[in-house]
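Here subunit A shows up in two complexes: once beside subunit B, once beside subunit C.
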Partner chain A sequence: MAGPVFATDPEAQVSAVELDGLSVLFHAPSGMTHIVAAPAPQILDALRIGPADAGELLARLRAWYDFESDDEVADAVDARLEELEAAGLVRRA
Partner chain B sequence: MKHRLSIQIGPVAFRIGSAWAQPLDALARLYAAYPEPEDGICDFTVRLEAEKPWRRYFRPSVAIRGDYILPDAAPLSLAHGLLAAEMGMNLQMALGQKRYLLLHAATVEKNGRALIMTGESGAGKSTLAALLGERGWRLMGDEFALLDMDSGMLLPFPRAVSLKNGAIAVMEAQVAPGRFGPRLEGTPKGDIRHMRPNRNALSRMGEGAMPALILFPRFGAAQAVRSVGAAEIFMRLTQASTNYVSLGRRGFDSLTRLIANNPALAIDYPDTDSAIGLVDDFWRELAA
Partner chain C sequence: MSGSDHNPAGEAIGAKAFVPSRRAVLVMGAAAASTVVTIRPALAQTAGSIINCEIPVPGPHAGGNFIAPDGNLVAPGTPGAAAPLSRPLRGEEVRSLLRSGSTPAGVDPQSAQAYANYIRRLQSGMSGFTCYASLQMPR
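Right, the complex of A and B next:
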């Protein structure tokens, strides 16, 4: 069963600076600044290809990165999506 | 307003109006060596008004007003009118400044490079900056660091240093009496005495400097130094900025550039001499 489909803002709308392995993001539409850790920036990058549900998002991430355990990554992606949605960095398409 | 005074402090011009002569007389003495705004145009206006019209005469109490106000700013007694003027000037800067990224920090300069010291109230940054200003450094400001968002340069804002409680005696032992304002006792912040920065600080108030080091001093613990990660500095400096949020992407870009280009250290110090020793050591290492 397909879950909700998520979308994010284009790169031009979100300035990102790497500090110490963390990413500091300025989200222009809201004017808010966020400090996020991996895999949040990677999820945003993958969503910039186009809106996707959690399964499709995981497939995109798998194409870029090597995972040891798909189950753990799937849980992490679900949890991060929920946080990113609460922060206003992703929304349901 | 019945009484008026205009003062230029670094790149910022203030006009202060008051219902009473007394706070402005004290302010005029404290800021005696400061220039008047060149074109007569002021950036910020501070007004010291009677809380209620009749209170100007009976148990007078000073309300701070200006272009930007905090609704719950409590009135001060007239005896603390000088403090009200200083707080009013700080408030206008904190709420109204849009030209510079404002950090609640003290800055000093040596050999053309600036040191930024920030930390919670009571961490001792004001006292440290005031002391360094008497020991071969130029005091750029004890309260606000003004970061120019285009050049990344820090601009001086050498207002009178606000010394609190124990710091008063420390500076009285080092600085000529003529540079002090009256001692204000029992204010909401404890005892306060203002100190005019020295001639070097005032004559060079138009001269900015590129930052070289960010320091988070903390008074009271055994001497210790640790480096601070960039993400932690970012978080601390956004908390130390009064206008970061309102500046949008320009504020983000200048703050991240400041952090990327400058090392940061947290220091604990048991007394001011050890802190000054540490700062001088850091500067020698940076120059080497």
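Right, the complex of A and C next:
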């Protein structure tokens, strides 16, 4: 039932600069730089509260934000987690 | 619960740059869309630069110092320590040295481990660090 639990690195390990709607993240542990769009920074913020699976993550985001459309939001969260994991910004806890 | 309820627009609970302003509309994007682009360091993209970059052993800051087997700098002439190399090592030589222990041409095999350990201890700002760091990058 419950999917994998994801975690991210503390804020101190990721330098962030917001640029014209996008954000540039320097991930110190890997030395890699990423350009991310919403909702990636918001997902990282939500995961900094503590590790969470996709359902818990979505609940945290719902506490902060409205969604443009509730259709396929769960699929989108899965897709965003997958790409953040591939980039090394999120890992399985 | 999360402490985010009193968070109109100013104080971030997480990253400074991303303030989850209450009740803003978050666009999650389509499942197929991508929101992350990773920039690989320019050095790691250029095989030529890895092969051609150089690491002085030791760096100019330690000119004349010998290198102990553990890689630390010691006074010239210290018994058991390796003399400074007369030429910088090229990136490709360092990669072979660190991965397989193969000794670069003209280098005393007995001292190669000391040089390897010196390179492993390089830190940001030291001569040769960028070259060393680029050798660590995944391709």
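Everything that follows uses one rule, which is that the second predicted complex is superposed on the first by the 89 of 93 C-alpha atoms of A that agree within 3 Å, B and C clash if a C-alpha of one lies under 4 Å from a C-alpha of the other, contacts with A are read in each partner's own complex, and residues count from 1 in each chain.
Going forward, contacts are C-beta pairs under 8 Å (C-beta built on N, C-alpha and C of every residue); 3 or more make two chains touch, one makes a residue touch a chain.
Remember, predicted model here, so these are calculated numbers, not experimental data.
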First, second, both or neither for A:20, with subunit B first and subunit C second: first
Touching partner for A:48 - first (subunit B), second (subunit C), both, neither: second
Which superposed partner A:60 touches (first subunit B, second subunit C, both, neither): second
Subunit B versus subunit C as contact partner of A:31, first or second or both or neither: both
Which superposed partner A:83 touches (first subunit B, second subunit C, both, neither): second
Partner with the higher number of touched subunit A residues, subunit C or subunit B: C
Footprint overlap on subunit A, where subunit B in one structure and subunit C in the other make contact: 17, 31, 33, 35
Subunit C contact footprint on subunit A (complex, rising order): 11, 14, 16-18, 23, 31-42, 44-46, 48-49, 60-61, 63-68, 72-73, 75-80, 83-84, 86-87, 89
Residue numbers on subunit A that touch subunit B, as the complex places them: 15, 17, 19-22, 24, 26, 28, 31, 33, 35
List of subunit C residues in touch with subunit A within their complex: 1-2, 4, 12-18, 20, 22-41, 133, 137
Interface residues, subunit B side, partner subunit A - complex: 229-235, 238, 244-245, 248-249, 252-253, 256, 259-260
